[in-house]
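Take this structure, written in C-alpha cells, and hold onto it; I'll ask about it next.
Read from first to last, the chains carry the letters A, B, C and D; within each, the first residue is number 1.
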Amino acid sequence: PRAREAGVAPGIYQPGPLNAITDVSGVQVGHVSLIEGDDIRTGVTAILPHGDNLYQNKVPAGYAQGNGYGKMMGTTQVIELGELETPVLLTNTLSVPEAAAGTIEWTLAQPGNEQVRSVNAVVGETNDGRINNIRLRAIKPEHAIEAINQAVSGPVEEGSIGAGMGTVNFGWKGGVGTSSRVLPDENGGFTVGVLVQTNYGGELHIMGVPINAEALNTAAARVAQEASPDGSVMIIIATDAPLSDRNLERLAKRSFLGLGRTGSAMSNGSGDYALAFSTAESVRRTTARRAMLSRIADWPNGEMTPLFQAAVEATEEAVYNALFKASDVRGVNAERYPQLPVSAALQILRDRRAIE
Amino acid sequence: PRAREAGVAPGIYQPGPLNAITDVSGVQVGHVSLIEGDDIRTGVTAILPHGDNLYQNKVPAGYAQGNGYGKMMGTTQVIELGELETPVLLTNTLSVPEAAAGTIEWTLAQPGNEQVRSVNAVVGETNDGRINNIRLRAIKPEHAIEAINQAVSGPVEEGSIGAGMGTVNFGWKGGVGTSSRVLPDENGGFTVGVLVQTNYGGELHIMGVPINAEALNTAAARVAQEASPDGSVMIIIATDAPLSDRNLERLAKRSFLGLGRTGSAMSNGSGDYALAFSTAESVRRTTARRAMLSRIADWPNGEMTPLFQAAVEATEEAVYNALFKASDVRGVNAERYPQLPVSAALQILRDRRAIE
Amino acid sequence: PRAREAGVAPGIYQPGPLNAITDVSGVQVGHVSLIEGDDIRTGVTAILPHGDNLYQNKVPAGYAQGNGYGKMMGTTQVIELGELETPVLLTNTLSVPEAAAGTIEWTLAQPGNEQVRSVNAVVGETNDGRINNIRLRAIKPEHAIEAINQAVSGPVEEGSIGAGMGTVNFGWKGGVGTSSRVLPDENGGFTVGVLVQTNYGGELHIMGVPINAEALNTAAARVAQEASPDGSVMIIIATDAPLSDRNLERLAKRSFLGLGRTGSAMSNGSGDYALAFSTAESVRRTTARRAMLSRIADWPNGEMTPLFQAAVEATEEAVYNALFKASDVRGVNAERYPQLPVSAALQILRDRRAIE
Amino acid sequence: PRAREAGVAPGIYQPGPLNAITDVSGVQVGHVSLIEGDDIRTGVTAILPHGDNLYQNKVPAGYAQGNGYGKMMGTTQVIELGELETPVLLTNTLSVPEAAAGTIEWTLAQPGNEQVRSVNAVVGETNDGRINNIRLRAIKPEHAIEAINQAVSGPVEEGSIGAGMGTVNFGWKGGVGTSSRVLPDENGGFTVGVLVQTNYGGELHIMGVPINAEALNTAAARVAQEASPDGSVMIIIATDAPLSDRNLERLAKRSFLGLGRTGSAMSNGSGDYALAFSTAESVRRTTARRAMLSRIADWPNGEMTPLFQAAVEATEEAVYNALFKASDVRGVNAERYPQLPVSAALQILRDRRAIE
C-alpha cells in the first residue's frame, strides 16, 4: 500500500487528489527502468514542470544543498538566474553525463529551439552501486530522452522504478516516492508536490517512531542492520504558488526537515539536494517577459510558512511511499535488498498508537 | 525535571556527565536575567569556548543559517576567516547592539589586548517581545559584561533564565536548554555539546509524538493553541573534536534537523541560526599559529557522520530541556505564558510508549 | 576638485546631474563628523533609500561580500528576505553597536511604528584606528540618529567627513566618495548611484595607471609607501531600476570589479562589502504588498549587463572622488595622513595620456 | 609573442620560469583540438594537479562563482568536501557531459580505482558557438581521455588550442592563456599559476589602457566592435602554498579582480568560474589522511594577501596571453574571428607609456 492507505499520514495538511507531485497542475513524470542480466538494475526519472517549450518558457526555481557529496549538475545557473529551462532528470551517480547529454539533445530538438546554443541540463543522482553494477554505466542518452518523452501527468509510479530502481534507503530497498499537500484557501489554496529518489540512511523513524531493524524480526532485517548511513537523496518540489526564486530556494531548504524526521542526519557520504520550481503562469519566464520590463506575481514572504510546512510534510510522506512501494531487488553480488517489512512496521506503529 | 530524568532520551548516543554544553572541556556559560516591574523580562547568556584570552587564541568556527529573519551579528567574519575571537552572546532582538558593545568593551579590557583595535562580536538573539517590553531595550552593555564574567564551567542553569527569560516555544514558555553527546571510542570519543535559546514555533513533537495543545487539556493550552509559529532559535554547538571550520559549518547545519524533529518548519518569521566551534587545542588559532606555517589537526570528512548524528540528537534534547525547565512567566500585557504541562505531556508519551 | 572635474572620467556611461548616489530619486545622505581633542576623528554616514517610512515600505535589496574581515551587521536578514527596512549606517569598526542602537531607536520612534518589535539595523564600518582613537568608542546612538535626521537629497559632501573622517586609502587619506551613471534609454534609462567609504589598500591605480607613492615625489609619499593593504571598504549602491533582490545581489557583486580597477586585491584584513537596493516604487514592499498576492515589476536577467557595467564604473569613480576630496588629517599618534597629492597624480595621468 | 615578451607585464610580482600554471610543481596540462570541415572548431583541455592517483590522493580545492550563467559541473562536492579528486576538464558548453563521461571512465580505469563507484568529475566550459557548430556536439568522451593522457608538465601551448579553439574574447579571437607568479621568500616563496579559457567580453583594457576596437583601425576591428559582452571564462588556479580549502576559495575569488582589470563587468550571459587547488604534499588528502586524525599544514589567514595579489596579476596576464597567442579562426558562418591586432595594440600601449 501507499503509506497513507496504511494510515501513515504525517502532518496537518491534506494531500491533493493523487497525493503526488503531479497534483501540481502541468507537472509530468516519466520513468525508464533498466534491468539486464544479473547486474544492471538502474534507471532514469524525468520531471517536467510543464508541457510547453521549457527552454522558451522557463520556470522560476530555487536550489538547496543539505549535504553536497553528490554530482548534481546544473545548479550554478539555477542559483544565478533563478530559473529552470529543461526537465529535471534523476539517475545514478556515474550516469549523470549521459542523462545530461540526453536532456541537451532533447532540448535542442524541440520545435522552436533551432537557434539554441546553450542548455543548462539539471540532473540529480543517487548511487545505486550496491544493487546495480554502476561502473558499467549502462544509462545512455536515449534512456533520458525516453524518460522525458514518456512523462505524463496523472498518478506516478513509485518504488523500484526509474531512478529508484537500484536505491537503498535505511538499509531497505529504496526508490521513488511522491506526495503532495493542498493548503487551505486562507493560505492561498496552493498545492505543493514532492518527488524523492531515496538512497540514504540513518536511524529510520516513521511517524516519529524508531523502526529498528532488529525489532522487525525478519531475516531481511540483518541486511538493513549493517547498512551504511551513506547514500543520497534527491528531492524535487513543485508548486503552483507564484513564488520568487528566493522563496523557492527557501521552500527547497525546508524539505531537509522532512528528511530529518525520517531519521537522516545528512551523513558525510550523502548527496542531499533539493530543487523547487513554480508552475504558476503568473511567474513564468516566457520569451516575452525575458525581453522587457514585465509585471510578475509575488506571494509575499510573510505568507510563506504554510508552504514551508507543506514541503516538510510532503517530503516526509514521499519517503514513506518510496519505502512502502519498493519491491525486493537482488543486487549485483546476488545480495538481496529486501523491502521494508511493511506489515511488521505497521504493527509497531499501531502498538505505539502512531497510527490507528 | 530535565527531559532525560523523565525518560525523554532521544537518539542513539549517550550524553556526557552534565548532559550540557559544558561537557566539552573548557566551555563556560553565564546568565544575567532582568526582571523589573511588570514589563521587563529579559536577559543575556554568554558562552565562552575557553577560559584563556579568546582574542589571542581564537577557535575555529562554522556558521549555518536555517532561516535568516534575525539580527545575528558577527557572521560575515566567522564565515570568511573560519574563526571566533570573542564569547558568544545571546539576548533579545532589540538589544543586540548593547550585548555587542559589552562584548567589545570586555574584549578590549582583557590583559594582552591593549593594542586591539578590531573585535568581531558574535551576538545572537530571539524576540522576547511577547513577554518582555522589548521596545524599552532594557539590556545594557554591563549586563553582557556581567554574563561573561559570571560564566563558569559545570552544570548550566536552564529554562527561564538569561537570554531565555522571555522566550516562547511552541506557545509554551521557552528558554535556555542544553544537552550533550559523547561518541564511542571507535568514533573518536569526542563530545558534542549544544545550548539553545528557544523562541520558535510549529507543531510540537516530543520523541516523535505530536503534543497537541488541546490534548493537554489544561487552561494553559489555550494560549499555546493560538501561538504564532514565528520567533527564533539560537543553537550554539561546542565540540572537542579537532574539526576544520568547514566541518564545523557542516556540523552546525545538522542542528536544524534536530529542530525539525521537535516540530519546526523554520517559519518565515523565525531567525534560526547555528554556530559551532571546536575547543581542541590542536586546532586552536594561537598567536603563534596565526603568524606562520603550522601543523594543525584534522578529523577527516569520512569520519564526520557520528558527529552529525550527535549534533542532531543533542539539539533535540536541548529543546526538550528548555521546555521542561521553563517556568511560568507573566508577560508584558499581564498575559501569562505557562510552562508546558510536563506531567500531562509525559503521560501522552507513556501512553504512546515513546518513553517508559 | 572632484575626479571628473579634473578629467578623470572612467567608463563608457555618463553620470547623472549630481554625479552622486542622490541622482537616484529619493535617496538621501547625512553625515555627522566627530573631531575632539587630539584623538577623536571619526563619524557616521546615513543613507536613506527614500523619505517615507522605511520599515513599513521596505525596499528590495541584495548583499555581496568581497572579503568578510569586517563587522557589517544586518546581512543575514537582507539575504533571507531580500529587503532593507532601515537606513544604512556607516561608521567605525568598534562603533557598529552604537550606530545600530541609534538606527533601532530612530525606527521605533517613527510615526506608524508604534507596534514594531523587530528591527533589522544595517550597519557597515571600516577601521579608522590609524587616525582615530577607536578604542574610545566615541560614537553614540545619538550620532547615528543625527546622521539620519540630517540626511538630505541633493549634492553629497565627500572626503574626510562622516564615516570617512578617519579612513586611509592606499596609504593616503581616504573618505566618503560618490558617483553615478545614467543608462541610455535603450537600456532602460535607469540611474545607478554608488557611495563608498574607503579605507582599503593595495597598489593604487587611477584610470588604469599605477600611481606609485614614490613617483609622487613628495614628503607625504613616505607615509603612503609603508601603508598596509588592510582596511576595508563599504559600497552602497542605489538604483531606480525595478530589480529583484537576486539581481540586486548580482549588481552589488559587480562593484568589487570597480574596486579591483583601483588596485585592490581584497586583502585578508579588509572588510569589503556591497549592498544594493532599488528605489523603484513598482518593486517597493509596501504594507499592502507584503500582506497579499501582488504584481511587482521585474527587469529581466537578459537586460542586466548595462547595469552591471554602470555599477563597476560608478564604484571606480566614487573611490577617486573619495581620494580627491579628502583633506589632510592628523591622526592619533600625531602622525599626519596626507591627501593624495592630486596635482602630481594628475600630471602622471596627463603624461600617460590617460586624461587630457 | 606572449604578453610579457612584448613588455606587457602587469603587477608587482615576478612570474615563474615558464610563466605558466605548470610552474606549480606537478601540474600537467593537455590539449585536444578538433578541426573538422567548415564548422567544427572546438576542443578539450585537461589540467592535472599531480601525476599520482588523483582519486586516492585528493587535493584541497576551493571554488568561486563570478557569474553563474554556465554549466560547470562538479562544484557542489568541491564546496562540501573542499577537495578535488579528478583532473579538471575544460570544453564547450554543450559537450560538458562528454568531457565528464571521459573523466569518469579514465578515473575508473586507473590502477587502484577498481572498487571506485563514485567520481566527482569537474568540468568547465565556455560557449564556442560563434565559431564552432556547437549543436553538433562533436566532443566525445575519448577526446577528454586523450586530453588527460596527453597532459604534461613544462610549457603550455596557448591561444586557439584545446578548449580555447573556438572562443571569442572582447570580440577578438580568444583562447587558452596561462601565467604565474612567484612570491618573495618573506611571503613564503610560493608559486601561483593560472590557466584561463577566455570567451568573455566587455571593454577591453590592457595594462589599464582602453583598447577600443576602432582605434586599432583595421578591417578586423569591425567584427570586434559589434561583439556581445556575453560568453564565459574559466579560471583554474594552482598553488604549492599549503592552503586550507577555505583559503583556496578566497584565492579563487580574487581572480575575478584580474578579470575586471581586463575590462569585464561579468555580463549577464557569462559563466565566470574559478577553481583553485593546492598541490602541497603537506595538505594532500591521501588515503591515509582521509581515514584518521592527521596533522596537516596550514598557511595562516594573516599571510594570504600576497597570494591574493599574485592570483589577480596572474589572471590578468593569462588573459593577455590568450589574446596575444590566439590565431585567426574562420567560424561556422564563414565569419572570420581575427586575432587582436597585437602590433597596433602594443603601439597604443607605447603611446600611452604603459609599456616601454
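Throughout what follows, a contact is a pair of C-beta atoms (placed from the backbone, for glycine too) under 8 Å apart; a residue touches a chain by one contact, two chains touch by 3 or more.
None of the values given here were measured: they were computed from a predicted structure.
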Taking each chain's centre as the mean of its C-alpha atoms, give the chain farthest from subunit D.
B
Compare the contact pairs of A-D with those of each option in A-C, B-D or B-C, and report the one where over half match by residue number.
B-C
Approximate Å spacing (C-alpha centroids) for the pair subunit B, subunit C:
35
Using mean CA coordinates as chain centres, what's the subunit B-subunit D distance in Å?
44
Taking the mean of the CA coordinates per chain, how far is subunit C from subunit D in Å?
33
Quick check on subunit D: which residues sit in contact with 2+ other chains?
67, 80-81, 250, 301-303
Interfacial residue positions of subunit C with respect to subunit A in the complex
80-83, 188, 242, 244-246, 250, 282, 285, 289-303
Which residues, counting only subunit D, touch subunit A once they are in their complex?
65, 67-77, 79-81, 93-94, 96-98, 100-101, 104-105, 108, 116-121, 127, 129, 134-135, 137, 271, 273
Contact residues on subunit D for subunit C in the complex?
11-12, 66-67, 202-203, 205, 207-210, 229-230, 250, 253-254, 256-261, 264-269, 301-305, 308-309, 311-312, 351-354
